[in-house]
Structure formats: C-alpha cells, structure tokens
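Can you keep this structure in mind? I'll have questions shortly.
Naming follows writing order (A, B and C), and every chain is counted from residue 1.
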Amino acid sequence: MLELKGVSKRFGGVVATDRVTLDVAQGEVHALIGPNGAGKTTLIGQISGALAADAGEIGFLGSDITKAKQHERVKAGLARSYQITSIFKRFSVLDNLALAVQARSGSSFSFWRPVAAEAALFEEARAIAAEVGLSEKTSSLAATLAHGEQRALEVGLALATHPKLVLLDEPMAGMGPEESARMISLIGRVRAKVTVLLVEHDMDAVFRLADRITVMVNGRVIATGSPEEIRADTEVRRAYLGDELAA
Amino acid sequence: MSWILFLEQLLNGLQFGLMLFLLAAGLTLVFGIMDMINLAHGSLYMIGAYLMASFAQATGSFWAALPLALAATALVGAALEVSVLRRLYERDHLAQVLATFAIILIANELVRLIWGSQPIMLNAPAGLTGPVELPGGVQYASYRLVIIGVGSAVALLLYVLVTRTRVGMLVRAGASNREMAVAMGVDIRRLFTGVFALGAALCALAGAMLGPILAVQVGMGENILILAFVVIVIGGIGSIRGALVGALLVGLVDTMGRSLLPIAFALIFRPQVASNLGPSVSSILIYVLMAAVLFLRPQGLFPARG
Amino acid sequence: MKPAIVLALLACLFPLAMQAMDQDFYISFATRVLIYAMAAASLNLVLGYGGMVSFGHAAFFGAGAYIVGILAVEGVSSAWLAWPAAVGVAALAALAIGAVSLRTRGVYFIMITLAFAQMMYYVFVSLKAYGGDDGVALPGRSSGFGVDLRGDLAWYYLVLALLGGVLYLLHRLVHSRFGRVIEAIRENETRAAAIGYPVYRYKLLCFVISGAIAGLAGALIANQSVYVSPSLLHWIQSGTLMIMVILGGVGRFWGGPLGAVLLLTLEETLSGTQMLGPYSMHWQLAVGAILLAVVLFAPQGIAGLIARRRGA
C-alpha cells in the first residue's frame, strides 16, 4: 500500500532520515520503532506531506505521491496523528471531529448554509467519537479534556477523514497504564478497516499489535521483520532494545 | 545626467542608509530576541530628536547635547520596557501591535503637549554648515559627510560589540534561540532591558543626526518606521548584518531612485508622462525591492534563526 | 436574533429622534459610524475569524474610496457603476497583496501587509491629477437610487440598509462551512492542513472577501465626506480599524461594529466636549491610554466582557 524508496531529509547539517526504504502492506499494523532522535517523526512528516523529501520516492496505492501536497494525500486516503497533541482547542470534541468529516464530504467553499444544519456531518462525528471512546464528552471543549482523552481525540481526528492508511505518531505518549490499554484496544478495533503505520515507544503495545516491525536508528532503517525476528536480531538488541527485553 | 549628481546622490543614499541602519539594528534585535513587534520604535526616534533639539538649545552646542540626548532617550527606552513592553513578550503579535500603536498615540500627544504642534529647529553643528570639496571637484555638505562618518563608526562598533564581546554573544544566542539562552542561565530580563536601552540610544542618534536635515516634528517616527520595517524584512529578522545590508540597499535604492528615476524616465517618455510616472514609481521602488527579495528568500537575506 | 432586531429598530428611529431634537449634525455622525462599522466588520473577518493580522486593511478601504472619487471627478456618478467598480478594484488589490503576503507567516506577514498598503498609499499620493497629497473633492454624492442622496436622512437609511445587508451576509458566512474552516485554520493551521484542507486557498479567499467589503465601505466614505484623500490609505488608518476591532472584541460577531461605535463616539466626546478641559485637543492621548489598558487588561474587548457577564 505504501512504498518508500530512499527517502531522505536533512536540516542544515543534520541528516534526519537517510535513504529510508520500507513498505507497508494493506491491512497490516506496521510498527516503526527506534530511539529518540531516530528520525521517525521526520519520516512521518515526509509521508504525510508536511515535509518535503530531499531525495527518494513515496508511493501510495500505486501512485507516486512524492510531490503531492498534503491535502491531496489526505484525499487519497492518507491520514496522520501527531506526537504532540494538535487539536482545535477552542472547538468542542464534536466540532473537532465534524471538521475532519467535513473535509472529505463535499466542498467547503460553501458560504450560505449554516453548518449546524448538516445533521449527517454531526452524526458521523458522533460515531467516530463513540469509536475512540469519547461519547460522553462530545460537547466538551477540547481544551478541557484529560490528556488521555485528548490523545484519543487526536487519533479520532485522523480516523475521521476515512483514511486507508493512518500514520499514528506515538498515540500513547504520556499515558498511564489504563489509558494505554484503552488505546491498544482502540487500535485493535481500528485495524479491521484501516492499515496502520504505528510509531511507538511502548514495547508492550508494539509487540502485541504489530504484524511487522521496522527499526530506525540515526535516520536509517537497520532492520525490518516480524516481531520474533526483530526480538532476536542482534543489531537491534545492541542499538535499541537491549535490557528492555531481558525481562 | 552628470557624474557629480550621481556621486552626490550615492553619498546621500549612503548617509540615509546608515541612519536607517541605526534604527533597524535596534528593531531587529528586539524582534529577533523577544519576538516582539515594536511600533513604538519610531517614537523613540522622534523623542530622541526632540530631546536633542532641547538640549542643543539649552547648552548651545550640538556635540555637548548629543550624549545627553542619547542617555535621556536610553532611559526613556528602558523605562518603557520595564513598565509596559515587558508585559507583551508572552502575548500574541496582535496584542503587541496594538499596544505599541497605543504608545505611538500617547507619545505623539505628549510631545505635542510639551513642545507644541509646530516643528522645532535643530541646527547642524557650528562649523559644519558649509560644503566641503571632495576629490573630483564635487561640493558636498560637510555635515552629511560627518553623518556618514558617525554612522560607519557606530556600525563598526556594533559589529565588534555583537561579534567580539561576551554581551554580544549572549545577544546573538538570544536572537537565534531564546529558550536555549535562558536555559544556559542568561539573565534574560536584564538582557532585554539592556537591548532596549541600546536600541533607544541608536534611535536617538539617528534622530539627532537627521534632525538638521529632515524636520523635527510630531509624526516623524511613523514615516521612517515603515522604512525600518522594510529594511529588517529584507535583511532578515534578528540579524545585524542583515540590517546593515538591508539599510544600505534601501537607503541607496530610495534616495537614488527618487532623483535618478525621473531623469531616466524623462529620457524615455514624454515629459508629461515622465513627470507623473517618475515620482510614483520611485516611491514604491523599495516595496518592489522588498517583494522581490522575499520572493527569492522568504526569510530575508540573512535570517538569524537557522 | 432578538438583540439584533432591537438594534435595527433603534438604528431606524435614531435619525428621526435627532431631527426632532434639532440635532441634525448627529445624523451625519451616525452615518459615518455605520460606514466604519462596515469597514471594521470586514477587518474582523480576516483578523478575528481568520487570525490573519493584516496591517494593511486601509489600502482596500481607501482604494474603494478613490475609485468612486476618480470616477466621480471624471463624470461617472452612477452608484451602479462606481460602487461595484470600487468593490472590484479593492477585491483585486486584496487578491494581489494576499497572494504574495499569505505565503509568509507571523511577523513577516504583518510587516508585508503594512508595506504593501503603504505602497498603495504612495501610488495614490502620486496621482497629481486627483489632488496628490491633498486629495480631491467629489462633485457630489453618487446617484442612481431615485432619491437625492445629498439629503442626510436618505443617505443615512441607504447606508444603514447596506450595513444591514453586509452584516447579514457575514453572519451566514461565518456560520457556514467556509466560516468553520477559517476558524479552524486560525486555531490550528497545521492540523487543518493535516485533515485535508488546502489552507492557503481558504485564507486567500477570506482575505479577498474581507478586502471587497472594505472597498464597499470605502465607496461609502467617499460619498459621506464627498472627498477622498490619501490619508484613507495610510497605515495609521489601518491601525485605527484594528483599534476598533479590538475594542469591540476580536473574533466576536459584533466586535467590528461595536468597536466603531465606541471609538468614534469616544473621539467625538473627548474632542468636542470640555471633558478634558484645555487638553481636549489631545484626546488621542486618552484614546491611546484606553487602548493600552484594553490590550493589557481586557483583551477580549467589550463584546468579550459582555459575553463573560452572560456566562458564555
């Protein structure tokens, strides 16, 4: 579904992603792991179109999207959630989700009809709210949500655009065990409909959810494979996993 | 078009550019370090000119009044920073624009209250009112040459200050990454006040030096402020070097454009067309220049932030 | 909706009351307030709802005024020709300036809009044929409505009707899909782009609509004073419009009109009366002080204070 070939990006003297080649197959949950600063978020940015790749190609569903603008990629079915929560703080939860639904249902160059009258938009928004576990909070202002709920909204926004592939950038960042468990089951539910590229530090979640894992260190891919293969890979153990798996 | 006119305009442009640099330097530092839009910068220029005129009258000497005016304006700048501007650093740009705009209104009226609405006299220093003969037989106002001299000296001093001293290093660090500077233990509050006072003094210097040539009147700050903005946008926010290059560019393009363009137009077009077109095009020349620079380099020529 | 109806009624009755009290001057003053209410509302769209701190709004206001002025001087006095022309030219100017400026962010955006507006100011100053620095008087008000618009009463009601129409259109715009997206872009531009909106297009369109309305307000101000001068385009004028918006309440629907009423009434009161005694000609000082106080202590403006009182 998604194919990266030699994707690179540098910021001044720093090479953030270095000839990254990987692919994500349809229907799988593909995890991207690596130490902080490995370039994972930069790679996500390049895939979503927020950052322009300096070199390499990105193919999505058979088409080359390397030069495509961000909104074009979203239209094609690619969505992304952010590591640092990026929601519409002064909108309600429902309005947040409705905005995302609105983006893919017809033109928003509509100046006359009040949005409030579009029942269909809000119905769908409610459905997504239910899916991410925010049914109780639909009329709350996004800024008033607890951290875990904001992360759920974060993922909800990405899902509301009806993507074929969703890029989740550390959805469990800053979450306690109970919230993480809820996020894991959410991703478990979501995988039936959407292919997932998941960036995470939470190894428990990664090994439970992932069909395949890619490991990045210093901007480069050092290994790709099934969870068992990655667990056993000596280079990965040395570079990243180390003692974490001794337990 | 004579060679003499060309040289004269070149020197005028250089002179104006250097004075613009004095204004732009302070402004760009404030922008770069505090990320703050300060419209009141022009008011400091005006206050500097007015104080200079008063001190010159009181002491009877241009050169005696100058350090007094600089010190007084620096104090005004510091007082302004501590009382009002400090509260704006954390606010959004709109709030900064409006608050400093309010300061312009207040400053203009206070100046009117104290000095009246009529422009006041500021004379060039005694002994410099006549022309000087340059190599090549060109007569040029000696006072303007002094301005060029003072402007260049200050530019050099600023360069040394910013690149060679510890304080300068702190300023540059703050300009490129404020959080980092704070994390490294820099007393940000005092640094800010200091930068402000320095900027105010530079404004006063420009106001004092240009006073004999341009009129010292209420509202003089607004006209030159916008030129200073264009300079920083072209040069790159936060960069002293950018401010210098930008100021020289703007000073030269504006001055030479105004005098040479109508002449050039008169050669190409009919006199009626030329007399209309000339002034219009030359007054928008620097904005066209700004647009062109931004098209190629959206962050200006020497952006401080990497 | 109800407060709006009450306001509309009051606005309709106001001039009649003034006539009855033999205070005809205030009808003209009120018309001026209505025109600035329109200009401020147009700025509020791009500034309050769109989050774009455009410091060059006066350019569109003044350009609209000048188009009407120039056409009038050249003999074209029909409102049906001159006013759409004013709106059109203002919209085009907004398109040109917006297209370039909106490619920049933050501080750069503010200064570029400022600089471009000054550019337009100088363009109009250089028009020697139309008064240059001093501006030019119009031969009369626009015609074409079957009523003699020289009469203050007729003119007032026409302006009121236009303002009402513009505010109604703005109300629908702000609550439409487009309005939603514009506010989302203001709240979080990155995320708006990430959920699939071509952000630049929306901002530009908002900018153009705002400029067009300002152009209409400009056409009206030219008629109001029967005079146009370059000061209408000066960046100080842009600042004045911004003051109105913040006094009234940035991003709140009635912010623009409310701010216009407040500022112009304040100006009228302070400069006209003996409130400041021998200092009344320095009323700008009071305005500056009030503005500073509002920015520092009541940034939500008057509309914000009212909303807070209501518990909104």
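To be clear about the criterion, a residue touches a chain if its C-beta (ideal position, glycine included) is under 8 Å from a C-beta of that chain, and two chains touch if they have at least 3 such contacts.
Computed from a predicted model, the values in this text were never measured in an experiment.
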Pairwise touch network: line, ring, star, complete, or other: line
Most widely separated chain from chain C, with each centre as the mean of CA atoms: A
Most central chain, Cα average position: C
Inter-centroid spacing, chain C versus chain B (mean Cα positions, whole Å): 31
Distance from chain C to chain A - Cα centre to Cα centre, in angstrom: 43
Cα-centroid distance, chain A relative to chain B, in whole angstrom: 49
Multi-partner residues of chain A (each touching 2 or more other chains): none
Chain A residues within the chain C interface of the complex: 48, 50, 69-71, 74-75, 79-80, 82, 86-91, 95, 99-100, 102-104, 107-116, 118, 157-158, 160-161
Residue ranges of chain C touching chain A (in the complex, touch as defined): 172-173, 175-181, 183-184, 187-188, 190-199, 202, 205
Chain B partner contacts - residues on chain C that touch it in the complex: 47, 53, 55, 100, 103-104, 106-108, 110-112, 114-116, 118-119, 122-123, 125-129, 235-236, 239, 242-243, 246, 250, 279, 282, 284-285, 287-289, 291-292, 295-296, 299
Chain B to chain C touching residues, read off their complex: 31, 35, 37, 84, 87, 91, 93-95, 97-99, 101-106, 108-110, 112-113, 222, 226, 229-230, 232-233, 237, 276, 279-280, 283-284, 287-288, 290-291, 294-295, 298-299
